[in-house]
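Take a look at the structure below.
Order of writing sets the labels: A, B, C, D, E, F, G, H, I, J, K and L. Residues in every chain begin at 1.
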Amino acid sequence: MAVYKKISLVGTSEKSVEEAIESAIRRAALTLRNLSWFEVKEIRGSIDGRRVTQYQVVLEVGFRLEEEEPI
Amino acid sequence: MAVYKKISLVGTSEKSVEEAIESAIRRAALTLRNLSWFEVKEIRGSIDGRRVTQYQVVLEVGFRLEEEEPI
Amino acid sequence: MAVYKKISLVGTSEKSVEEAIESAIRRAALTLRNLSWFEVKEIRGSIDGRRVTQYQVVLEVGFRLEEEEPI
Amino acid sequence: MAVYKKISLVGTSEKSVEEAIESAIRRAALTLRNLSWFEVKEIRGSIDGRRVTQYQVVLEVGFRLEEEEPI
Amino acid sequence: MAVYKKISLVGTSEKSVEEAIESAIRRAALTLRNLSWFEVKEIRGSIDGRRVTQYQVVLEVGFRLEEEEPI
Amino acid sequence: MAVYKKISLVGTSEKSVEEAIESAIRRAALTLRNLSWFEVKEIRGSIDGRRVTQYQVVLEVGFRLEEEEPI
Amino acid sequence: MAVYKKISLVGTSEKSVEEAIESAIRRAALTLRNLSWFEVKEIRGSIDGRRVTQYQVVLEVGFRLEEEEPI
Amino acid sequence: MAVYKKISLVGTSEKSVEEAIESAIRRAALTLRNLSWFEVKEIRGSIDGRRVTQYQVVLEVGFRLEEEEPI
Amino acid sequence: MAVYKKISLVGTSEKSVEEAIESAIRRAALTLRNLSWFEVKEIRGSIDGRRVTQYQVVLEVGFRLEEEEPI
Amino acid sequence: MAVYKKISLVGTSEKSVEEAIESAIRRAALTLRNLSWFEVKEIRGSIDGRRVTQYQVVLEVGFRLEEEEPI
Amino acid sequence: MAVYKKISLVGTSEKSVEEAIESAIRRAALTLRNLSWFEVKEIRGSIDGRRVTQYQVVLEVGFRLEEEEPI
Amino acid sequence: MAVYKKISLVGTSEKSVEEAIESAIRRAALTLRNLSWFEVKEIRGSIDGRRVTQYQVVLEVGFRLEEEEPI
């Protein structure tokens, strides 16, 4: 039966929670295959004293391990 | 005094967390009256290998029970 | 070494989670200096029976205490 | 073997936590049979500026499903 | 987009955690369509003084709501 | 849109959980306006060896910030 | 320096949360010395189909260990 | 009214979660009367590099205290 | 002193929780040395409308890092 | 009866968890009276690529409110 | 297979978290055999208005039960 | 925008929590660049019957992913 791995990433965006999620997943897809689902674990961000300057979304991303793939 | 019930729904959207929430509430309003508040419990989604294909938001929705309404 | 304080605010918006966060932080910046980061603790909202009328985001906001600042 | 269902209710009272719990259970008993146990999940309430005006107790109520009962 | 509902059930078995899960899902399938996934929330049980007499598994079961289905 | 602040208080009473909650809110109302809701976070107490001598209830109290009010 | 032990008890009452707490502590005081504080962990109860028949309060009770006392 | 105590045990088995639970309860029954229920708190285990060598189940076991029984 | 790494895997099985755990660990052992312990974080599964078709167990697996091993 | 307030601070230190806690409390004592207890909520820190450069301890600090003290 | 018991202790120290842990374990070893591991559950302490006067560490301590040992 | 990865490590020390944290980070820095922050998740340890023989600190370590770096 299939085995999946979950990794923890933090995506960032100046604009929105969704853009932060998508930037993390786009980055993950550069070196990982079979990305299958994500789970948001934390939403936070930085402020420069008066305005939100960055949304930071901690998410877990799950993907199916292939036969010969190192973990 | 009033008694409320809370149910757990999962709304989905290809676009945003807010659209997923609103789709769940619009659906609930088709068969439930007196919807009053919601609480987001989880934000997750599916990926087709490289891009987010669906936001899934688990939310609890509270509504006031009417006198004669079955629970 | 620096000491920070965290306070708990609830921002609201008719439109989005991000706007609710930003409204809380803009309000905090009116009377607090050195706002530095935020952490989302809860996302909830009110419904008028059929539609979301308000997003409510509970967040903790951290800021560096200045030398002589009362806590 | 028996199967149970748990539902989530919010009982309210102007007076006490116990009265809020009991009002939720009395209401549930109007349309549900076999109520068997409850678990308090949250205690909260509203304030009119200076005094508690309502206790709100979120509770889960468990009951045994009968053979032919719709879920 | 699809909307799902999650309900909370307690399955029981004299023998194993898996049998308790399966008995809850078999019961749910009698009156609900489109059952899609489950999540175990608690594993507990009763003892008659010296031996386990019943495994009780609290689980949430998710299913897709159909167009016209009451919630 | 409105912004709310939440503070954390511990009310105490020799008699009951409700009295401890109400004493904290009465005290808060002496110097804060617009108190709007509370959430119980912990119930604990002290014992003098054989009897409960004090109920201690940790609660968060939310109130709407006025325009010019310092946070 | 002092070392304390915490034990977990479940007090019961037909009437109230406070009476359930106090019954557990009175019982503990029969065989334990130096009881010092308690923390409520769960509030639950049983229902006979239509009415609460018993409040059950799970609490941890802390007490100072004496020099030669077995743990 | 009855008072119960809960203790925390770790049962172990080379074979299954259920066997680990049952071994803990059988051991508890050697020196404790009135064992009444259990709650699984953690499931973990040891690996010898390539295979599970032991399931370890942390569980809380509840039992009614008798009149004169030391706690 | 030794340093360990923990990774998060999801094992699957049509039959049991234990088989899902063991399949994840067998897969991990193909490319990782020194596997030492596991902790179950979630038990869930898929349903084809009426029957459990797959147990999915999320677990963390710990292993000792060797001197020169990339993390 | 006494009412207490809890505030949330982050103490920092280059050296140890204890020094971070103590620096937060020393700072709080400059403008708050009656500090009575603290609870550690998080331990974290920053790294400059290879070494811990700062311990950051999030703690809640409780103090008794005086009669006329603004909250 | 072996069965373990876990108990909950609070160690105290004027100086450090580690000293509080070690004092609890040294005390436990006076009347318990086979102490095997500990898990820190809470770190807190008392303040005399301006300085930490005591670190209090809540920890669970696990030990293997011997054949004939009362629980 | 930057994307970060978080990994989970367990550092060990015979002496202190801080030394366990620092040993994990020193080891991570041997094969990872851009280490940026850590979060303590658990503090535990082993006992040889009477004395703490090892502090074990589970921590998450975050680092910025470089352009071409495999995840």
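Simple rule for what comes next: a contact is a pair of C-beta atoms (placed from the backbone, for glycine too) under 8 Å apart; a residue touches a chain by one contact, two chains touch by 3 or more.
The structure presented is a predicted model; accordingly, all values stated were derived computationally and were not measured.
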| item | value |
| --- | --- |
| For chain E, the least number of touch steps when starting out from chain B | 1 |
| Joint neighbours of chain J and chain E, given as chain labels | none |
| Chain centre separation in whole Å, for chain L relative to chain H (CA means) | 32 |
| Chain A and chain B, separation of their C-alpha mean positions in angstrom | 24 |
| Centroid spacing, where centroids are CA-atom means, of chain C and chain E in whole angstrom | 38 |
| Per-residue overlap in chain H, given as positions that touch at least 2 other chains | 7-8, 16-17 |
| Touch-based graph of the chains, sorted into line, ring, star, complete or other | other |
| Interchain pairs in contact, sorted by label | A-B, A-C, A-I, A-L, B-C, B-D, B-E, C-F, C-J, D-E, D-F, D-G, E-H, E-I, F-G, F-J, G-H, G-K, H-I, H-K, I-L, J-K, J-L, K-L |
| Touching residues on chain B, where the partner in the complex is chain C | 16-18, 21-22, 25-26, 29, 33-40, 61 |
| Chain A partner contacts - residues on chain L that touch it in the complex | 1-8, 60, 62, 65, 69-71 |
| Residues on chain I engaged by chain A in the complex (per definition of touch) | 7-14, 20, 23-24, 27-28, 30-32, 54, 58 |
| Chain H partner contacts - residues on chain E that touch it in the complex | 15-17, 42-47, 49-52, 55 |
